[in-house]
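What follows is a set of structures for review.
In the two complexes below, chain A is the common chain; its partner is chain B in one and chain C in the other.
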Partner chain A sequence: MDVVFSALLLASMYGLVAIGISFTWASIGMLNLAQGFIFTAGGYTAFLFAEIASTYGLEGVALSVGLIVAGMLGSAVAGLAVGAVAFLPLQDRDNFRTRSLIATLAISLIGTQVWLIFFGPQNKPLPPIFGTGRTEIAGSGIGNGQLGAIVVAVLMLGAVILWMRSSRAGLQMRAMMMNPLGAAVVGVSVRTTGMRVLAISGALTGLASVLLAQTFFVSPTSGVQPLTVGLIISLAGGLGSIPGTVAAAGLLGLAEALTARYLQQSLVPFVLFGIVVLILIFRPRGLGGLLEDVRE
Partner chain B sequence: MAILELAGVSAGYGPVRVLHDVNLSVNPGERLGLVGLNGHGKTTLLSAIVGLTGWQDGSIIFEGRQIGGRRTHGMGRTTPNIVRQGIALAPQGDAIFPGLTVRENLDSGAYTRATWRSRRSRCDHVLDVFAPLRPLLRQTAGTLSGGERRMVSVGRALMADARLYLVDEPSLGLAPKISLGLVAALCEINIGDGAMIIAEQNLPLLNGRVDRVLGMHAGELKQDVGEALGDIPPAAEAMAQGMHHGRAL
Partner chain C sequence: MSKQPLIGRRSWRPSWPVNTEKVFKRRRYLGTKRSVLRLSGSYNPKTLRRELVLTDKKPTFWLIGLLLMLVLPIAVSNERFFALFGIICIYAAINVMWTLIIGTAGLQSFATLATVGVGAYGAAYLSITYGVPWPLMLIIGLFLGALMGFLISLPARRLDGLYYALLTLGLSEFCRNFVTQSDQLGGKFNGALFGVDRIVPSDLMTSWLGQVLLYISAFALLLVALAVFRWVNGGRLGLLLRASATNREDEAFSSAIGINFQRARTWVFMIASAALGAIGAFYAAYIGGTSLQVFSLDLLLLMLAMIVIGGLGRAEGAVIGTIIVVGITQWFTEWGPWRIVLVGVLALLSVLYTRNGIFGLKAQLKEIRQRRQALHRAGLTSRYAEFLPQQAPDIHDKAMIVGRTFERKLRDRLRGWITPVIIEEHRRKPLGQHSDHLERILNYFRQGPIPDKYAVYCEEPFTSYRVVALSGVPGVPPRVVDDKVYPSLDEAYHAVFLRRVNDLRSS
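Entry: the complex of A and B
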């Protein structure tokens, strides 16, 4: 049972980051390597919020909600900042994909140094959001922090997907993912919608950052692991496919949990990349190609 | 006053110049046919009106407002604004959204805030024109046949509350019977004091259905349609000619 919990936790966190990468790629054609920087931005914003909150003696539910909101806001703003540098000025130039790839890589490298300068190399803890107790489910215990993280992540993912399916803004984004020309023709602005996508992807990443800080810490390089795994999950899911990304997150989360439990933690990267390579050899369009039967 | 006034419009992609000094005036309530062979600039002309060319120059005045001007890059950057001012385009190649249902595809045409609220009744009007789409509303657009896709694309343009409708090659790639039905339906729609431009390779489809026909030859407008078609109207000749001129622009 612990393996299942651990798999669910990993899957939901990776899912949040991977959906953001996948959305960004599918809608504006930018492979956002700065997603790790956006991730840490959320973590540090939540950390600053916790510092300020403690001087005012804020605690309980208000502190928990505040931490989550601060993390999501911080990352959304970081997402917009990345857009202002790597998307808006380059968007209608030749080779936008390569240029933005390099620009986001630069932001990611510079960002790590900026965090080092301002916050130093030490790990920063966040106060517990869901309390410190443990809950017994089906005969095995799980920390409240982990359980809360899984529940909040799944709820938030569900809410975003529902919103994408039902609202006018969601329709615009999905339309832009499928056919940018068609979207322009019906009056959807690539630039405005693109920035909106970056803000939402950022917010989801920031949520993952705050929730994961319940188990780990915030540090200048804590965004690297989520970025790497988020990237390979969005690839395995077939960039742009929402069901594919969710399925890939589940699969790779389970693989990581099983490997860490029954083999060795150090083998995790080999197993994850191995699975992705196998998926892409047999299904070049990722798992999304299996789940959606649409010809382009 | 003309609803659309083009003066000295040139446009192209990169080093290629497709349109040469085009002057055109479209009157309110007018349905205009634009005929010409493949690769002679019909699509580029319609694209230039909504800012979807690589570069362009020259004045385009729509309902008294300048929507053209000189531009060397930024393809499509002005398009959403122009579309919101009341120009709807059904582009070549349909540009439908394959993963959305037919209903969502149509709804996306009524994207502007004002028309979004009335999308149900607008959808009903479109379905009156394109009745075959009614049973397909919940189907994914990517699974439709070519004719059905074209109907979705044109229907999406009709969903907009536009003053000027631009329809690019409604008959391209369709069986003769289907394309005849589609063009006939297009020509029966009440456009009020708006206007409609239909670009079409197949002149007989338009004959007697539109108010005026202009020819397009080598990027220039011709009053004489015969010259634009090179006096070889049969479809087979037109196709061969089109292939000779390379990719469609």
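Entry: the complex of A and C
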């Protein structure tokens, strides 16, 4: 049961980041490698919020909700900033994919240093959101923080997917994901929708950031690991396919939990990498990704 | 209005007169047909003397630049200078190899530093544990790099460009994780290894000679990397891959004409990876150890920034970008994190505003200039000319074009002078002395071309005249333009004048 919880936690966190990357790629054709920067932006916003909240003596549910909202807002703003630099000016230029890729990489290079300048290299802790106790489920204990993280992540992901399915803005985004040119022809603004997508995937990443900060800390380079894992998960799931990404997140989370439990922690990277390479060798567009063919 | 040259500008090429008494002998590299300098003989149009023209200025620039790089640190002989330029040489060597992968092979691989790191860690570990000397380390690095390259190039056959980029981007991070968590490598000093056999013996290290030797070894590494780049990119492999550049259609095309681009790509990738592994081993021997810095994402991004700032896909871009970025990051250390921000901003600017970094700037500026000239020319066309030299490439006699432009202007001016007063003046007195404007208009009419020129035809002297148009061909009679008959010669003259005025007005 421990393994299942561990796998679920990893899967939900990876899933949040990976779906952000996947969304962005599918709708605007930009590989957002500044996702690590967006991740840390959320973490630091939540940290700042916690600092301010502690001076006002905020506690309990208000603090928890505030932290989550602050993290999501911070990341959404960071996502918009990335869009303003790497998406809007380049969007109608040739070779957009490579250029935006390099631009987002440059942003992530700058971002790390900016955090270093303003917050220093130390790890910053966040106050616990879901308390510190443990809950017994099916005969095995799990920390409240981890349980809460899983629940909130799954709920938020579900809400976003539902919103994508039912709202008008979601319809526009899905139209962009299916065929950007067609969407533009029928009157969906590429720029507005693109920025919206960036804000939403930013918010999801920010949520992952705040939730992961329960177990790890916020530091200038804390975005690298989620970015890398998020990237290879969205890759394994097929860029642009939400069910594929969720499946890949589950699979890789499980693989990581199992390897760490029964083999060795140091083997985790190799197992993950091996699985992804295997998936990609048999299905070069990832688990669910036939989308690229449609785009062509 | 600025004065525009009618004929395109020619780029400046250095030239010098030759002694025509002697036979010019082209110097070639030993054993090859490649000439040292690409020279061509020509005649100077002004002095009419025979001279040699340097058609390719690049090798000269390379030579000057590399000589400067070699001499400058030794001339200054400052410890900091040696360190700075040594690092520049090593990073430039890595970037040149990376350029080979991205530019020549067209594979968007980010596994460069992972390969370097594997070479460095493997060689360093063997050197520490078994006391392997540094020349052997280089060979070990070479093999490790080649092995790594082979493994990484496997998925490249199946994966699309960006998918491959993502996959390889994760590789560094995984290597870092592996080193941190492995007991032999990372257990002791947080991933750092010390005590590797150094290129320069440790008793020489502090002396001037030791520093110079160390720097020269790094410089030699850069030279070897450039030579490998030249050999692969300028050789058969590069040729094959240029035919099958990067996009899908080109791949289909190259398969169709029988180029196995996948194999060529794998070869280039493996050669470059082997070189990267050797560079890693060299680096370990150069600083006497390795650290986890090699695998950090930030270093990878810095390297990418170097390539992007210099110009993707060109060896000179890789070297210049490295000099700029490493210069900023290693020299202005007191700026702290701001210098990395500066590098990031530079990279961002070069992505946003240039097409291909510094070395793409020339072509880009040229295009901007040409676009501006084209706009200017379009403005001119609507004002004066029937066409301009650039629009009539099939007309070789540019003087004719200039002549037509002049005529167009002249016609415009004359048209403005034609008034009822002038016409009345001509009607009253077709021959004899006229006012200045009328005289000029008539002169223009007189010098017109013979074909279709109007003339007066006398049917019967003093009673019946007609207006005809000359054929311009000997033996072919003129044609009658209308059935009007004029009773006097003066009236016929005036009728011709009116017709010509009409034609001038409608032209």
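Assume the second predicted complex is superposed on the first by the 288 of 296 C-alpha atoms of A that agree within 3 Å, B and C clash if a C-alpha of one lies under 4 Å from a C-alpha of the other, contacts with A are read in each partner's own complex, and residues count from 1 in each chain.
Following the convention adopted for this analysis, a residue touches a chain if its C-beta (ideal position, glycine included) is under 8 Å from a C-beta of that chain, and two chains touch if they have at least 3 such contacts.
Worth saying up front: this structure is predicted, and the values here are computed from it rather than measured.
Colleague: Which partner, chain B or chain C, is in contact with more residues of chain A?
Modeller: C
Colleague: Regarding the shared-chain residue A:R168, is it in contact with chain B (first), chain C (second), both, or neither?
Modeller: After superposing on A, A:R168 lies in contact with chain B but is clear of chain C.
Colleague: Mind working out whether A:A184 is in touch with chain B, chain C, both or neither, as first, second, both or neither?
Modeller: first
Colleague: Examine A:I38 and indicate which partner it touches, taking first as chain B and second as chain C; both and neither are also allowed.
Modeller: neither
Colleague: With the two structures laid over each other on chain A, which partner does A:D92 touch: chain B (first), chain C (second), both, or neither?
Modeller: first
Colleague: Check whether A:A103 is in contact with chain B, with chain C, with both or with neither, and answer first, second, both or neither.
Modeller: In the superposition, A:A103 contacts chain C only.
Colleague: Of all the chain A residues, which ones make contact with chain B and with chain C?
Modeller: In chain A, residues 292 are touched by chain B and also by chain C.
Colleague: Once bound in the complex, which stretches of chain A touch chain B?
Modeller: Listed in rising order, the residues are 92-93, 168, 171-172, 174-175, 178-179, 181-192, 292-296.
Colleague: Across the complex, what residues on chain B touch chain A?
Modeller: 50, 52, 73-77, 79-81, 83-84, 89, 91, 93-100, 104, 107-109, 111-112, 116, 140, 142-143, 156-157, 160
Colleague: Can you tell me which positions in chain C touch chain A when the two form their complex?
Modeller: 108, 154-155, 158-160, 162-163, 165-167, 169-171, 173-175, 177-178, 181-182, 296-298, 301-302, 304-305, 308, 336-338, 340-341, 343-345, 347-348, 351-352
Colleague: For chain A, which residues are in contact with chain C within the complex?
Modeller: Those residues of chain A that touch chain C are 31, 33, 36, 85, 89-90, 97-99, 101-103, 105-110, 112-114, 116-117, 221, 224-225, 227-229, 231-232, 234-235, 239, 264-266, 268-270, 272-273, 276-277, 280-281, 284-286, 292.
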